[in-house]
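Across the two complexes that follow, subunit A remains constant while its partner is subunit B and subsequently subunit C.
On to the complex of A and B.
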């Protein structure tokens, strides 16, 4: 699955990046976020579009698996 | 003139750039308090401004507020920053009179941008009857602007955040949702026109319409959200503030901004700090919680008045609305149902 790393970016940037990436990969992708606001906001965005989001905690970041 | 996108230069903006309330308390609680027999409100009360007795029945009210831009237009930014800073004087029941500017300005920007920010601030200050009479400027990577404002009031007319009583009606004088909409705006998802118009609107009329009416307590709603500022009043007054969610009014688009994840970072730190202080009924969704905890910029006055005075106030203030009531202190200082 395609991966998007938003580490180092703060809101709303990771949501904008996810929006662009989902246009290119509408079937889903994994988004890496490194702060809680981004984790919550990217999850809200994908959920609002009808995607499922599975979250795995890494070291100092989260992997959000976004799928149909 | 070279076009400049002010918001592209900053990490966070408006009142969302405030330090989280929890961190602030850790840093400032129990500091040696400034002793002065003339100081009526100081550090301890988390009020909107300091209040200093002039000894002749009048008080001096002093506040400072500055932040990074939430809009790209420098004139608008100056207006919003001025309206926001002056608001603290209105929230104390005072008449704003004098101000000094605080400006942080990046060397990469054309100096004409600084002039436009000042022009916006001076225009807004004039609307409030305030003279900007000096200031200080620093070179900084991120632009920031605001005012230190001085106001005056008769000592018996000062509003603080500690006088709310059980039975008082709770009135809010602007709609909520500026923080959410400006986050969506930064992402290019909203023109936020109504939010911008509201942020640059002075709280002057909101304050002046209460003349002759009984105001037991007052504050304004900014970075700590409706929940955080309600908590400050509930704590200082020893009461519980009960908010009726269905009576809140939000700017158009605020709910969608929350649902699609355009939520300012401060929303999360606000909720962390307030988790054990605010009780929100389980029926409310994550989106509705986002709307309650999101920072506001240059928000409305939150007024606590006896119900009959509140009725009178609302008759003359079409922009204001009743959002709840004050009850005896229960388990949580703030409840939302």
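On to the complex of A and C.
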């Protein structure tokens, strides 16, 4: 699955990056976020579009598996 | 989850509204329970950075907000020292945001409080704020970014909260170091302990919920999400009710506390604040919260705002109540908006070229 690393970017940028990436791969992707605000915003955005989001906590970041 | 977040934001917004009503009842200027721009300006004045005698006071609310965010950030492991995302640009944008706020006479938070006090000038300003955010969102969707922040040492992250502690200690122990207004808005303030406590509560609540005045409107434009805006609405609703109970609600354009009815300049002032806030990733309140969470980029924006406040008063750029901005303020604000648009355009074009 395609991976998008948004580490170091703060909101709303990770959401915009996710929006663009989902346009390119509408079947889903994994988004790496390194702050809680982005984790919640990206999750909320993907959920609103009808995607399922599975979250795995890494060391200091989160992997958000976004799929249909 | 979506509903739960909205409820949390509504509670946080309600708490801020309540704190604002209480602080005003206990001495803060009218419709100024909280105003990040005004309070940073007052604090700059107290530190001898400008010589406007009516707006000088070390506002404990600011110190409380930063420390409330820092404390909860450490507890919730949200405290992450980072920086290096265009610090000088952030300083400049913070400077301009402050200039816009001081032409309007309030940050986005005070704009909502003024609205809830019946000050219709704030409604004109809200349109300017929305327009500024709209323009900012166009840049964002076209690739505007101040760049990636890197991890930094905990010393760097703690530096800003530590500075606010030092300021508070000096304020308590050696008040003779500072200038304090004897008349005007700077002389009106709630008791120190109450102001500090209210700041701590608001700082913690805003850290927890990421409440942001600009973010609420931005998310509607950008991703049609109405979550963040609920905090904004809750602040308005609770303050409105509080003002009605305490008899502080007066509908109209004139005779409003620390306000002026120059529509064009209220609009343009908040246009600059809206656009600048989107470029910074959050309104002045959010910058304080992020600085508390260890972002040295946001700390730079706050320093820019403090410098902006000092310049605004030393060079007569800030508006005066009732009269509005003078020639200096009008010229400076228009120039500042041009600079803001130039920064946004250049950064966006460069990003697009990089792909």
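Here is the rule we go by: the second predicted complex is superposed on the first by the 68 of 68 C-alpha atoms of A that agree within 3 Å, B and C clash if a C-alpha of one lies under 4 Å from a C-alpha of the other, contacts with A are read in each partner's own complex, and residues count from 1 in each chain.
Rule of thumb we're sticking to: a contact is a pair of C-beta atoms (placed from the backbone, for glycine too) under 8 Å apart; a residue touches a chain by one contact, two chains touch by 3 or more.
Computed from a predicted structure; not experimentally measured.
In this overlay on subunit A, subunit B clashes with subunit C. In the superposition on chain A, the chain among subunit B and subunit C reaching more residues of subunit A is C. By the document's definition of touching, of the two partners only subunit C reaches A:34; subunit B does not. Within the superposed three-chain model, A:67 lies out of touch with both subunit B and subunit C [touch as defined at top]. Of the two partner chains placed by the overlay, only subunit B lies in contact with A:42; subunit C stays clear of it.
With both structures placed on the common chain, the touch criterion links A:12 to subunit B and to subunit C.
In the superposition on chain A, the residues of subunit A contacted by subunit B and by subunit C overlap at 10-13, 15-16, 35-37, 40, 43-45, 48. For subunit A in complex with subunit B, the touching residues are 10-13, 15-16, 35-37, 40-45, 48. Within the complex formed with subunit C, the residues of subunit A that make contact are 7-13, 15-16, 19, 34-37, 40, 43-45, 47-48, 60.
On the side of subunit B, the complex with subunit A involves touching residues 11-12, 183-184, 186-188, 258-265, 267-268, 286-287, 290.
The part of subunit C that touches subunit A in the complex is made up of residues 1-2, 5, 76, 78, 80, 82, 85, 140-141, 145, 148-150, 210, 215, 218-219, 222-225, 227, 281, 290, 295.
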